[in-house]
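Provided herewith is a single structure, encoded as structure tokens, for subsequent inquiry.
Note that the chains are named A, B, C and D in the order they appear, and that numbering of residues resets to 1 at the start of each chain.
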Amino acid sequence: MPNTFGHLFQITTWGESHGGGVGVVVDGCPSRLALTEADIQRDLDRRRPGQSKIVTPRKETDTCQILSGTFQGKTLGTPISIWVKNEDQRAEAYREMETMYRPSHADYTYQAKYGIRNWQGGGRSSARETIGRVAGGAVAMKVLKKFAPKLEIVAYVEQIHTLKAAITPDKVSYAEVESNIVRWPDAKGAEKAVRLIERVRKAGDSVGGIVTCIARNVPVGLGEPVFDKLEADLAKAMMSLPASKGFEVGSGFGCVELKGSEHNDPFVMRSGRVRTTSNRSGGIQGGISNGEDIVFRVAFKPVATIIQAQKTVSTQGKAAILRARGRHDPCVLPRAVPMVEAMTRLVLTDHLLRQRTIA
Amino acid sequence: MPNTFGHLFQITTWGESHGGGVGVVVDGCPSRLALTEADIQRDLDRRRPGQSKIVTPRKETDTCQILSGTFQGKTLGTPISIWVKNEDQRAEAYREMETMYRPSHADYTYQAKYGIRNWQGGGRSSARETIGRVAGGAVAMKVLKKFAPKLEIVAYVEQIHTLKAAITPDKVSYAEVESNIVRWPDAKGAEKAVRLIERVRKAGDSVGGIVTCIARNVPVGLGEPVFDKLEADLAKAMMSLPASKGFEVGSGFGCVELKGSEHNDPFVMRSGRVRTTSNRSGGIQGGISNGEDIVFRVAFKPVATIIQAQKTVSTQGKAAILRARGRHDPCVLPRAVPMVEAMTRLVLTDHLLRQRTIA
Amino acid sequence: MPNTFGHLFQITTWGESHGGGVGVVVDGCPSRLALTEADIQRDLDRRRPGQSKIVTPRKETDTCQILSGTFQGKTLGTPISIWVKNEDQRAEAYREMETMYRPSHADYTYQAKYGIRNWQGGGRSSARETIGRVAGGAVAMKVLKKFAPKLEIVAYVEQIHTLKAAITPDKVSYAEVESNIVRWPDAKGAEKAVRLIERVRKAGDSVGGIVTCIARNVPVGLGEPVFDKLEADLAKAMMSLPASKGFEVGSGFGCVELKGSEHNDPFVMRSGRVRTTSNRSGGIQGGISNGEDIVFRVAFKPVATIIQAQKTVSTQGKAAILRARGRHDPCVLPRAVPMVEAMTRLVLTDHLLRQRTIA
Amino acid sequence: MPNTFGHLFQITTWGESHGGGVGVVVDGCPSRLALTEADIQRDLDRRRPGQSKIVTPRKETDTCQILSGTFQGKTLGTPISIWVKNEDQRAEAYREMETMYRPSHADYTYQAKYGIRNWQGGGRSSARETIGRVAGGAVAMKVLKKFAPKLEIVAYVEQIHTLKAAITPDKVSYAEVESNIVRWPDAKGAEKAVRLIERVRKAGDSVGGIVTCIARNVPVGLGEPVFDKLEADLAKAMMSLPASKGFEVGSGFGCVELKGSEHNDPFVMRSGRVRTTSNRSGGIQGGISNGEDIVFRVAFKPVATIIQAQKTVSTQGKAAILRARGRHDPCVLPRAVPMVEAMTRLVLTDHLLRQRTIA
């Protein structure tokens, strides 16, 4: 249960950052969908370390292997097991972590919870765990393409530290996002963002930011009225990503400063369909998709592992100074984009299959 | 599944705002805990309509009855069924809803999802559904008191529209919160908040706001490393409440403007325990509680049902003007406080029982 | 979880034999199915005590009330809460159970598990708990009728003690089964069965027997290949009924004395469909329905509560003699028939909805 | 969900008989248990093909690799991923299966359910899938040893075709069972059983049989009162094994011929504990373990794949004669013993962890 996500379309991820690798078992995938490693690799490449000068230089090709669940290039309806080996492991670079807790990292809480932890890297708290999510999301996209062919999910970096992208959200395209290494849809400003991250890296520090995600052409009727509201499941999905601190949908925290008469989205008929003239609901009403764009934002904190010296305590309960080595992202945002997309695909696929059981 | 929340300590809620009533089945509750209706009624009274001049005047005593699961005042370990009758039903006041969709309400999406809806009130989207959550939360509190006797959960209204409470979060007490009808912990400013809500109500409009929740003395080690991170389950719980639009934990969206060196919470030893000198983590690191206060904030939008005339469409697809009647909250915040507390209790109880399986 | 059955079509039962009543919440039911109390009452009447001279004389009308989930006679797609009050409670007749454990009953194990039990009747181990299952099964039948209109489920008593019904299983009809109070499809022999049960009752003793169940016109493809094989879920369903001791499907234990060449069911084409010329598979191959009749048998032990004096121990750990009073079934079989049918409906409905998610 | 078993201690198996291998992810395992490949290999070796002259000669060492979840020989509390490669694949030997359905096998139902199947072997219906179960069961045993150190599970072959072992069930030991290649605890008769199986193999036929399983020193209080009765979960576990056709606990189907006064197990005090003087309950009362030996029996049919020519139909719907090649077990019973033990371990571990949440 703790390592499984979804009700009908389920992924179970496994693996530590140091060890035999990381992987995922995808269960509940409909049969007869074309699926090969290439379909998955495309997204893994967007997530992988070493993809550009502004992310961690850990050298991992993150090459995936499908071990089960397909036959002659098609899904069998049986569990799809996907495996990515760990290649560039440097346990030595983490030697300090054996005896010290990194501030704001998971070292201390893992030790307190389990009485043991793999200190050679972040174990399950490492961003490597998200490989399984991204791979699962790639499979989910196949399901979405089958049952909702026009559906489109685009995520992008909207803000890094205090730098904000100049954009019109409903126009952002995948091509624009992928046009630069920050995944910053405002091509003109991208260079600024790159420089900001490089500056921070040189200072041995880190910065956070905001990812916005938009899902277009989502079928009306996805989501459940009570606990499994679509925004609730999206919130859980996003807040389960490493380093996320906040989630908001549609008007989000900004809703507070509007009155009901200003905030409500008036209904109109357009091309024979019920539509709204504004979208403060963010595409979800009463927990259920209304056919407008689903729009939400996720805040990611500055990465906890920094090179600057930090005050902490040792596992023996003594005051200590930590100077981390290892290879770390100065800013997780560019790599968070495919993670956010993957979790969105998983949530929408699960609800799409759920809706098929009652419709 | 769609109406059940929790893995080990589970609630299943049922009931529409108009019909035979609403209720909850609580499953997974340990045996031999003292439990009577009075334990539950206290919280239901804080949630109920008609409790003050600033909430909906619907006349419901919300008197609960325990139908199963206890014997001679103690829990049996078997499912606890709790029922609250609907008393003050006025289907007529909702007659317009039979043929028109309320903007930003669930009317349209329910119709699209199910092809049918109970238009005599909000059905499952009504705040009456939360009776089951609050009752379940009261039972959960019994479990928390047994296994974590010093644990304390306090929620309060921090902001309404643009009005903000002047407070020091870590000092807020239950008594302060309950000292006024807004649940505004800044006693001096409470009268202002009351007047604001009354003004909005007279205008036939509505306002939203922010609830902050603090859980103190939470045992270290609750939460799972990956999907069921404690903040992920809290986010889902809060975003499943009616009208919520955003969730943030610890530094929240504010984390974005800090660098890692500013954001990290340094560890120190204090009274033989590992503690942090700041709490931007909000009491959770790597998805797991670290023993510091768990602090999060939830944004609630202005209630969708307003008295002012609104543009909408009819179920026949015609442009229409809706003038709602019925009895509505101009501001859901005062009643949201016990809902937020209840969901927090449920999440913490579930994780506390989960931790007992592995520790 | 412990009181919930099913993955997509779920029932959660609650209630003790003595207390506020028993009930069920049905979740995952598709919307727009016609459903009233009368649809449910029909099956409850076949299960209820006092229905004939050979079952317990406890006087319960078992009148059900639908408290939620329907509107104007149709299902809403929201949880359906059904409640049956306990009426004829005689806690005094169970006074001995406060201090003594009934042999082969649940008294001792409940006490050991929970440290408390409702000794005024059997608590959750009472056959009254099955009211919720039968009510849930009646709702499930509505779903089956919609998605598999020709599907038919017939259960009957095949054996009581050493008395066996003379029947041809694939011809047995609902009308035949209901033509007598034993639910003995061999009308000629029914009188013998009645006399057997009456004799046992007069002796203050009890007898068991075998229920056979046949599901006809089940769609091909229901069931999962591995853990959730159709026969595995049926086995769990049946072995979860009070007093059941054995389950077998198709050839069952008899399979052991045949060789593969004798046991295999040859395939043939008939009316353009793949069929088998024998049915030792019992309608399920590789865990999945093959379109032939699903046939299985369930053994029920003689009821544990008997009037004859029995050796036991007291809750204080002393040797004791128990002479039960109360009103008990001398033979649970006639009332087990609707229970077996209900559980079969629940399993098939769940798998039918599951199949819709991938097909 | 369809490929996951258990609620708290969960295994998710994956893999087809032909393809990249088979494996399992074990989730919910407590931390700090000593665990290496050797602990798992011992049981896999008892399950593997080629272990003796009476099982399939397919050459597989079934060497397992732990890919995650342990560190320095101890469990981390994180998911344990275990992988076994397929080595001796001979897709060509299954060429006939591409166009013909094996009688009483899963070929037809898989095709009907999924519209596709891996015909190079049995896919998920192959006994290779049980590698994941046996590996998961080996991990479960570690948990049982920690929390219930005296618990012991022994399974053995009690009957093959019409040949029955001469045994006293409560004396059977693991050493006796493993003393011969049939796992026949009556050492004297074992040679007869071997000859029977060899005779059947030479005839190109197959035989079934019965496995009995005994769990000794099970803690009192495991199991849930209603749906998740211990015998219900064991029944599901056993009926989910390939080729099983029946399950009975304690007196089983034999209960039918006894009266209540003969069948009930009288309680007595022995060494200060509540015990029974007979064990027709099979160690479970009201769904909950009572501390006596848990005893149940499972019937396995003769393997469907035989060498003799059989009538069947082709995937094109034409009558056909199938002469299977490939390497098949003439009798699955010797290899079923470790499978039955593994599923028993999984069920008991899950319930043991569940009991810890409420006790």
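Points to keep in mind about this one:
Keep in mind that, in the parts below, contacts are C-beta pairs under 8 Å (C-beta built on N, C-alpha and C of every residue); 3 or more make two chains touch, one makes a residue touch a chain.
Computed from a predicted model, the values in this text were never measured in an experiment.
Between chain B and chain D, the least number of touching-chain steps is 1. Simply put, of B-C and A-B, more C-beta pairs touch at A-B. If you average the Cα atoms of chain B and of chain C, the two centres end up 39 Å apart.
Centre-to-centre, using mean CA coordinates, chain A is 46 Å away from chain C.
Centre to centre, using the average C-alpha position, chain A and chain B are separated by 27 Å. Contact with two or more other chains is made by residues 1-4, 7-8, 13, 28, 31, 77-78, 113-114, 123-124, 225, 354, 358 of chain C. Across the complex, chain B is touched by residues 1-5, 7, 13, 101, 103-110, 112-114, 123-125, 129, 159, 161-162, 200, 205-210, 220-221, 223-229, 231-240, 244-253, 255-269, 272, 274, 276, 280-282, 284-291, 299-306, 308, 310-313, 317-319, 354-355, 358 of chain A. Chain contact summary for the complex, chain C toward chain B: residues 1-4, 7-8, 10, 12-16, 19-23, 25, 27-28, 31-32, 65-69, 71, 74, 76-81, 83, 113-118, 123-124.
Within the complex formed with chain B, the chain D residues making contact are 8, 28-31, 77-78, 225, 353-354, 356-359.
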